[in-house]
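Just below sit the structures, each encoded as structure tokens.
Next come two complexes built around chain A: one with chain B, the other with chain C.
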Partner chain A sequence: MKKPKRIDRNKREKWLNMLYILPMLAVYVVFILYPMTSVMKLSLFDKKINGDMIFVGLQNFVDFFTNVDTPRVFLNTAIWVFLGVFLKLGLGLIMALALYKKFYGKKLITGIMLIPYAMPAAVACMIWRLLYNPMFGHIGQFLRDLGITTQAVGFLGNTKTSLIAVMIVNVWAVAPFCALNILSTLYSIPKYIYEAASIDGANAWQRFRCITMPLISSSMRTLGILIGIWAFNSFDVIYMMTQGGPANSSAILVNLIYDNAFRFNNRGYSAAISVVSFVLLSVFAILYVRAKEDEVSYE
Partner chain B sequence: MKKALALILALMMVFAFTACTQESATTTSGDEAQAAESGTELPESITYVTLGSTGLDTLKQAAEEFESETGVEVIIEDWAYSDAYQKILTLAEGGNMPDAMYGFASWTREFKEAGYISCAEDYIGQDLFNDFSEAARSVCSVDGKMWTMPSYMSVRTILFNQNMLDAAGVSVPTTWDELLEIAPKLYDPENGQYAYSLVAGHAKNTLDCFLPILWAYGADVTNEDGTANGFANEEGIAALQMYVDLAQYAVPDYGEATINETQSNFTNQVAAAYFHNAQGMRALADAGEDYSWVTIAEPLAGPDGEKYALGVMDIDILFATGNEEITAKFLELWHTAQYQGSVIEDAGWVPNQQSYFDERPAFSDETNVMVAPFCALEPIAKFKPSLIGWEEIQKVMADYVTKAVMGEMSATDAFTAAGEQVDKLLAD
Partner chain C sequence: MNKTVNKPKIAKQIYRVLFAVFILLILVDLLFPVAAMISVSLKKANDVFSVPVTWIPDPVAWENYVEVFQKLDILDGFKSSIIVTGATIVVIMLLAIPAAYALSKLRFFFKKPTYYLVLVSQMFAPVIIIIPLYIMMNSLGLIDTYAGLVVMNVTFNLAFIVLMLKSSFDTVPKEVVEAAKIDGCSSFMTLRRIFVPVSRTGIAVAVIFTFTRTWNEFLFAFTYISTSSKKPIIVGLYEILKNNPAVGIPWHLVMTSAVYATVPLVILFILIRNNITGDMTAGAIK
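Moving on, here comes the complex of A and B:
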């Protein structure tokens, strides 16, 4: 007679638990799953100007991969993501190592270091656009004063330099965030490991190479994948600085998605590019999950 | 306790979904307006969108007068130029258009085909229809009917800094070849002086600067029946080569400049010439500065003597919201010398309604350098085409012009590639 009561209670608890996760599940279905499947469906259609939806199968994908601008946009995206991550992590590591030590004014310097990260993107882009201005920008004037160039240089308006110029702004804004993360990992390394290494005769470079880097590598790997995903999706800086121009020289995949969806009204084509981006980002996501499993410890 | 918590969470979810469905209730207001329109009831309000604060204060005055006469409130919205197209398309997709809007003539055909707009000719009075110039009406027409209303119009030509020309010992050129010949004499980058200011990076403004050259050389965006490109030919490539050559002597911000920067370069006397309307002179006049050094010249001619001014036609669009009758009445009030005429006079644009010439002396004054020289050019003004997919076609053309100017491709390769892409877009 007692057993049925326990089973009933277990069953009731299971249903109750389901009820608890129902709101989150509903949000997931409505705001993630439904839009995702809608976009995937839209990528198989072409929407005509009069509103007719014509099924075209994989034609949008074929058009995307055969477009003359696509290789350039892929290259831009790869440079933006991989080179950008490398620079952000590198600069972040240097800043973190500098801030790891105790020195006079450390708190003030840390606060100043965080300004680029805390500054709204629109403000940062406006300031950098003025700095880059070929006629009166400080960067151009500085290069002319040093004798590196004699004429005005348009960094944002040159197809060869526009992407790098915008990337500098992005690295400048994100590196402090990387520095903070790496710094917190550095603080978690037990000091006695360094003391033991010093006793064994290890110099600074050896301590860095054999202790610091292995112990922070897991954290840096995870951070790198995370900021890589953010870089892949970052639209605001490029849009505000160059709008992907001139002539798509600074455009990455998300710019193409925006232009086709909202400027050219090619919703199906834009959806196809979104699906391609989703597949690429899924690779990043899998790497991120796998990266969390790898840990180095000397304890 | 657990049951109570579960109940609260479930209720929260229900309220959240209910909030989402409120949108569908409000979107039926268009239907209610339509029902009211067909009957005797007027809507409580109509919405008019202007761009870039153009005529905003005067619009509000007109709205006040309209409300006092009809009891219908006119809600004025002000959007930025840069994302107006994206914004209106998104709203139109959701059936939430404003009742009327200031837009660009190139949208006419596309919006008509999409079914977003009602034919303005069917709603405005005959007096207003006849008041528009023939050229203005044709720009807003599709298949012989005026679907949108001509609004602000400007005619752009080449302006020179006479002081810089005199200092270089050259006279005002009459052809693009002559301008290229004198350009080296006007080019002194170490002293911040350049022969020309142009745009070769911004999609829309690149064509604003380039099209007059393309037309002067005898080419065009499309062929006569609009089925293929009209620039991947000898004439078009020669025009592009001229633009590439001119860029060598131009202010080096052309890769990132918009038309506003070309105006600044000219009014700050950095560039000896640029292609625009009276806005620059108006800006100098408003700042109390001398602009007597500005020479307004006729557009430069191509090899065969052809020359064209760039006509820029903005429009008023009547959206199919069910409030067309009453909205057309507001637009009729707005399109008077007292209201829109005053905005055009203040901005230094060209009127396209005869009543503005009759009722505002500034427009008839031959000595008014802000208006008279540009009005005189209207007969040779050509306008950007109104094509379906124009935004994409414009971007493709502008990108290849940019690539040629930046030295990435030769003029021949650039326009050959651009021509293939534009043909594909026209066929779609």
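Moving on, here comes the complex of A and C:
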């Protein structure tokens, strides 16, 4: 008699408690999961000018993979994500190690490091577009002052440099954020480990290589995957700087999705690129969940 | 630490100078775009285009900070940004606080799948599903409305904020919930009377993050809003750049508005800087 009653109450409580998350789940189902399925459906159709939807099977995917611009865009995406993550983590680590030391004005600098992160992307892009301007930009002037060049140089308008020029803006905005994250991981390493190593005669480099690196590597890996995902998705920075141009030289996959959806009105084709991006992101997502599950703690 | 004592004094001095130079380099690297923004915002219209480019404005045009309100329509932009951001904060907190509480302290069906759904959903950028979303919002009549922007901002910030609040609620001991239950507190009362007051710092940080992310949101604000008086400040500024050739842009006024659009965010971030690394990582990474 007693036992079933308790199970009943448990069950009732578990159902009732779902009320807390139902509103959130409703938002997800309506505005994320449902659109996700319709983008997959849309990728198999072609929309004609008169509004008819014609089933074309995998034709959109075939078109995408045989397009002459596609290899370039894949390469750009890989450079943007992997080189970007490498630079952000590398510079972040260097800054974090510097800030780990005690020195005068440290608090102020930690505060200043938030400025690039807090600044709206649109504002940062406006500033950098001015800085990069070939005629009256500060960067061109700096290069002329150093005597590196005497001409006007336009990094954003050149197919060879546009991607790197935009990446510098992104690295500038995200690296300080990485630094603060790594710094908080560094603080969580107990001091006595370093003291013990010093007593054993380990020098600074040995302490860094044998203590710091192994202990922060797992949280740096999670951070790396996360900022890699952000980079993959960062449509707005590239769009505001160059709109992916000139000639797709700075476009990554998400720029193609947007351009085909709103500029060229190739909705089926755009949806096919969405599906490809979705598959790639899923790989990242699995890596991220795995990385989170086996993150180490220090004590 | 003790090792350096034995080193020659000169080497130690050189090391300290090099370290100071290095810190200075970081500072210059982080701040020169900010310096350029402020410098250009104080220049006269024609001085922006003069070559060689200077960093110190001469003469200093303080009047830009007043004129910008007459010459560019930034007040409408601020109004739109404030309405959208404010509404997003209210809606997102109403959805996220109960959800984070349930994920942190309550037992319910499908708890693990829900958690993974939240975790994974923040990885897929809105641009990937922009077409179906546009079609859906269009049929709901939400294109070119503030409500449409609020719905999108809520949807795509929800996961981040839920995880952030959950990590804040996780620090409240489980015994508190049990004690409250024994005293006859319903789970909702426990949330309202105990969790919300105790975690008010965490909630404040979450509010500020919602504020920043909504204020900075570009994609939906740019694609959904066509009436120029409804455009948030960020989009309004971008369109000045988009619709003019580089020499036709009133750079000095654009940078003045950029200063106005950035200052509130920087102040907010400096206020919560001690909570940022902790809660930010908690929400996004740990």
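As a working rule, the second predicted complex is superposed on the first by the 273 of 299 C-alpha atoms of A that agree within 3 Å, B and C clash if a C-alpha of one lies under 4 Å from a C-alpha of the other, contacts with A are read in each partner's own complex, and residues count from 1 in each chain.
What we mean here is this: contacts are C-beta pairs under 8 Å (C-beta built on N, C-alpha and C of every residue); 3 or more make two chains touch, one makes a residue touch a chain.
Fair warning: this is a prediction, and the values are worked out from it, not measured in the lab.
Of the two partner chains placed by superposition, A:L83 touches none, neither chain B nor chain C. By the document's definition of touching, both partners, chain B and chain C, reach A:P23. Shared-chain residue A:F262: touches chain B and chain C both. Once chain A of one complex is fitted onto chain A of the other, the partner contacts of A:L156 are limited to chain B, with no touch recorded for chain C.
Touch criterion not met for A:L186: it reaches neither chain B nor chain C. Of the two partner chains placed by the overlay, only chain C lies in contact with A:M95; chain B stays clear of it. In the superposition on chain A, A:M135 makes contact with both chain B and chain C. In the superposition on chain A, A:L143 makes contact with neither chain B nor chain C. Contact with chain B, but none with chain C, is seen for A:A247 once the two complexes are overlaid on the shared chain. Of the two partners chain B and chain C, it is C that touches the larger number of chain A residues. Overlap of the chain B and chain C contact sets on chain A: residues 19-20, 23, 133, 135, 262. Put simply, chain A touches chain C in their complex at residues 10, 13-15, 17-21, 23-25, 27-28, 31-32, 34-36, 38-39, 42, 95, 98, 101, 103, 109-131, 133, 135-138, 140-141, 144-145, 172, 176, 180-181, 183-184, 195, 198, 203, 219, 222-223, 226, 229, 232-233, 235-236, 239-240, 254, 257-258, 261-262, 267, 270-271, 274, 277-278, 281, 284-285, 288-289, 292, 295. Against chain B, the residues of chain A that register as touching in their complex are 16, 19-20, 22-23, 26, 49-51, 68, 133-135, 150-154, 156-160, 162, 242, 245-248, 259, 262-266. Chain B meets chain A in the complex at residues 2-3, 5-6, 9-10, 12-13, 16-17, 85-86, 89-90, 110, 113-115, 189-190, 192, 200-203, 251-257, 265, 270, 388-389, 391-392, 395, 398-400, 402-403, 406, 408, 417, 421. Of all residues in chain C, those touching chain A in their complex are 1-3, 19-20, 22-23, 26-27, 29-34, 36-37, 40, 48-53, 55, 94-96, 98-99, 101-103, 106-110, 114, 116-121, 123-125, 127-136, 151-152, 154-155, 158, 162, 187, 212, 215-216, 218-219, 223, 234-235, 237-238, 241, 246-247, 251, 254-255, 258, 261-262, 265-266, 268-270, 273, 276-278, 280-281, 284-286.
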